[in-house]
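Got some structures for you, see below.
Two complexes are shown next, each including subunit A; its partner changes from subunit B in the first to subunit C in the second.
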Partner chain A sequence: MATSFNVNTRTEDGYAVIETDGYLNGPTGERLAETAKDLMNQGYSTLVINLEKTRLVNSIGISILIEIIEFLQEHGGALHFCHLTPVIERTFKMMGLAQHAEIHPDEASATTNL
Partner chain B sequence: MAEQVKREVTLNIPIHPNMELVAAHTASILAEIMEFEENHIDEIQLAIIETCINAFEHSNSEDSKVTVTYVLTDDELELKITDHGIGFGMEQAKFLTGEARARAMQKRGWGLEIIREMMDEVDIDSGDDGTTITMLKKRV
Partner chain C sequence: MQSVSAEETIQRLIFSLSEIEQLGETIISGRGNFNVSSRTYLRIIHGTLQVNRCAILLFQPTENCLTVEAAISVEDESLSIPVTDDDIAAILESSTIDPSSPPPTLDNFFNQIQPQLELLGANLWAPLKIRDEFLGVISLGSFRMQDDLEDWNRELLPVLANQVSVAIAYSRLLDKTRAEQFRLFMLSDTATQICKSLDTEAVQEEVVTHAITLLDASAGGLLMVDPVTQRLEMKSIFTLEPQADTELENLSIPLQTDQDAPSVLAPLAEIAAPEGETLIANSGGNGVLLGRRNLMAVPMRGREDTLGVLIVADKEGRGGATLDFTDEDRVLLEAFANQAGVAIENAQLYQEALEGRQLQAEMEEAAKIQQNLIPDTLPEISGYEATGLYFPRGGVGGDYYDCLPDANDTWGLAIADVSGKGMQAALLMATLRAGLHSEVTRKEDLPSMAEALNSLLYASSTDGKFATFFYAQLHPEMDQITSVNAGHNYPLVIRSEGGCDELEKGGVMLGMFPNDVLAQISEYEQETTQLSSGDVVLFYTDGVTETVNPDGELYGEERLEEVATRVKDDSADQICQAIYDDVIAFQGEAQQFDDLTMMVLKKT
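Right, the complex of A and B next:
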């Protein structure tokens, strides 16, 4: 059980990818939000969050993801998710994220039409 | 019919950041021993995390700890999470339906709904001397 949380970013032509590694909760969600805002400030308004190495996201972490979506929408951007576990995807749908962000099985399908 | 053997594990965790992971990881190990499916282990872990962070945030417990009891039988895992805080009113969680809250992208207050979604049975006993949430997951 790792308590560490890492974020890696990669910029591509017209979008940026954020890869998370570890438990997404309040404090780590805030780190993710800062990373997303930094990328927005660099001109990347379309973001893909790859959760392949994140197995647990609590409701506070999800509330911060909602804030990221709202921030991106206010600035004409969009958020895409990929590599969600079935439980994370179900929780996202429950809390309404899936209505405002796209969910893809993997990064290739998330970035196909960006 | 022979009575099922119950095995019990009890954990006392301090109210401190990330301690919910200790409770979740213990549940994960026990569920693995019981040969729960991976997806169901994730459900159990999320339910226990939400229960613990509810207690951490809202119980105002004087002893600053939460007791987690895991009861294993042949085909069920029962979890009891107890704090000795101020208790909470169930009405707090009922002001909007889950669907209406999702439409409004309500950010907080989802803990109980997530717990109910992830577990097969959930019982809440809350009063002036604390709260016990009892949850059951059946091995399919």
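Right, the complex of A and C next:
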């Protein structure tokens, strides 16, 4: 199995959605962080990261996600996750990401009441 | 430049102290990522020391250079400054360094990095360090309010640098703690998860992907031992490069290494040996395999044997660096491989049990089909006794016998043995029986009938199965049998007056070749045998003569002939029973894998 990593973004009224596809590790995490910072610079301080097509996240990927959360908090923004696999959801909860970013089952519930 | 008044100095000193306090609070605020907080530190330094430009440069040990982590008013933040161990030792000796008049040991260093210093607008450097560990430097530009730092400010700079150093160390410690926490969680959680799955292929794939995330690797694979071919075969791979797939997915390594011409992949085969140990091949050493920058391979042990070899490769660090695999990594992967081995073995055992149950169900179904096709009793034939016996022993073969009236006012006696066992054999036997029942209604000679049945079986058998077949046409009024033998065990004619004949004339087994090919090899032939009162014709399958005893001896044709001769004067039923009893006594406790089938025709 070979995997590549893709990031797609979509902006909505008041928030932006980032969809990832592939293994979230160091290099791909850096791409995600750059994308998040670009969106923040465009004025989107509320971001939804949709991990539906990401099955694997390593410790460096986790570290970069924490970085994104901290960046957003510095700028008064917030991060939401959706479509996590059970393993990734358990990992996020155990690693403390869930304390600073909300986890939703899907995009619709993530974007409701934003 | 105007001089700074004492009152102003005191105010700035108070401001500086409050900023240092803020710096401390930032460090302990819980936001551990230096990436995020570095700009805050820089703003505090910028505001406290009143400089036009400033930057924090961090040391990258894998590349031996300084890179910009955060900067204010620096034109090019992508610059890089190479540093040697000697440069670092010299930098660490000073609390502040003026690049325009550095200590003699750093003259050469600063001369070489003039372009970078200009981009930074560097006027003063302060090293960042924890004890003797070099972390980087704070680079300051020109001072807005004075030509140079006053003494108190010069003393303040190392204090600020020390605070920033603590923040960097704290951030790295937090990163390391998080990584360890992540690994422990993954080790316990994923091992539990993979143990729940009972699909071998899915478990193998999960093992590879979880090993990769556990070790922060970029690629990995699982080679499993094939006990039949004695090779390590790649069962699951994960890479970030699609082009590497085909090269790796067909990887097959012999377990026995050729001493004269050792393969470069022999080290992987050696891991699978009973005494095989983990292999760590880092880029600094020799022999990194499979075109990887670094690689670690551990044996995956089962309850008794080595099941395979688990490989992870290209361990990554922050910023795109490739890190060496460490002894800590080895312990972690070995622990994971042990758990994964149990999971894979469990899945294999479950699959085997499942296949066993499916096979058993199929055999039971095939047995029902076979039992339904074999006649319960044989018809009464004037002047003759006929009886048959079918005794299943451990498997359902394609044994068959029958006695039926045919179109020539004669009786047809058939016995056959389809190759293989189970449902396929039973279905092919059913096909043969249907064909036979159809063919006997036609007034054709026996070679023609055998050809027709051969054609039918050849067309019906998709996987090279065939059948031995013997057919005898009994003419009661002439006491003759005309027979064709298509590769079947020779039926015996035990003569009442003594002696024994074998009915061997015929041709090759049914279903092996199409008729046009068969015509070139040999055509079927028939023979006619005269029977006298008391003669016994014994039809049987190889399950009788290939019965083995506990010493591994075959029952054989001679023993069969002896028993049949001994009891030839008994009734057909008694002869059949006597042979059966003798075979069963011969086999004793030895396990048999073929069914026992025979038919006896006696001229009264």
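Rule of thumb we're sticking to: the second predicted complex is superposed on the first by the 113 of 114 C-alpha atoms of A that agree within 3 Å, B and C clash if a C-alpha of one lies under 4 Å from a C-alpha of the other, contacts with A are read in each partner's own complex, and residues count from 1 in each chain.
Here is the rule we go by: a residue touches a chain if its C-beta (ideal position, glycine included) is under 8 Å from a C-beta of that chain, and two chains touch if they have at least 3 such contacts.
These figures come from a predicted structure and were not determined experimentally.
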Touching partner for A:Glu34 - first (subunit B), second (subunit C), both, neither: neither
First, second, both or neither for A:Glu12, with subunit B first and subunit C second: neither
Which superposed partner A:Gln99 touches (first subunit B, second subunit C, both, neither): first
Which superposed partner A:Ser59 touches (first subunit B, second subunit C, both, neither): both
Contacts of A:Thr85 with subunit B and subunit C, given as first, second, both or neither: first
Footprint overlap on subunit A, where subunit B in one structure and subunit C in the other make contact: 1, 3, 23, 25, 27, 55-56, 58-60, 62-63, 66-67, 70, 87, 90-91, 94-95
Partner subunit C, residues of subunit A touching it in the complex: 1-5, 23, 25-27, 30, 55-60, 62-63, 66-67, 70-71, 73-74, 87, 90-91, 94-95
Touching residues (chain side subunit B, partner subunit A) in the complex: 17-18, 20-22, 24-25, 28, 39, 42-43, 45-46, 49-50, 53, 98, 101-108, 110-111, 113-114, 117-118
Residues on subunit C engaged by subunit A in the complex (per definition of touch): 31-33, 35-37, 175, 178-179, 181-183, 185-186, 189-190, 193, 205, 209, 212-213, 216, 218, 236-242, 244-245, 316-320
For the subunit A and subunit B complex, residues of the former touching the latter: 1, 3, 23, 25, 27, 55-56, 58-60, 62-63, 66-67, 69-70, 85-87, 90-91, 93-97, 99-100
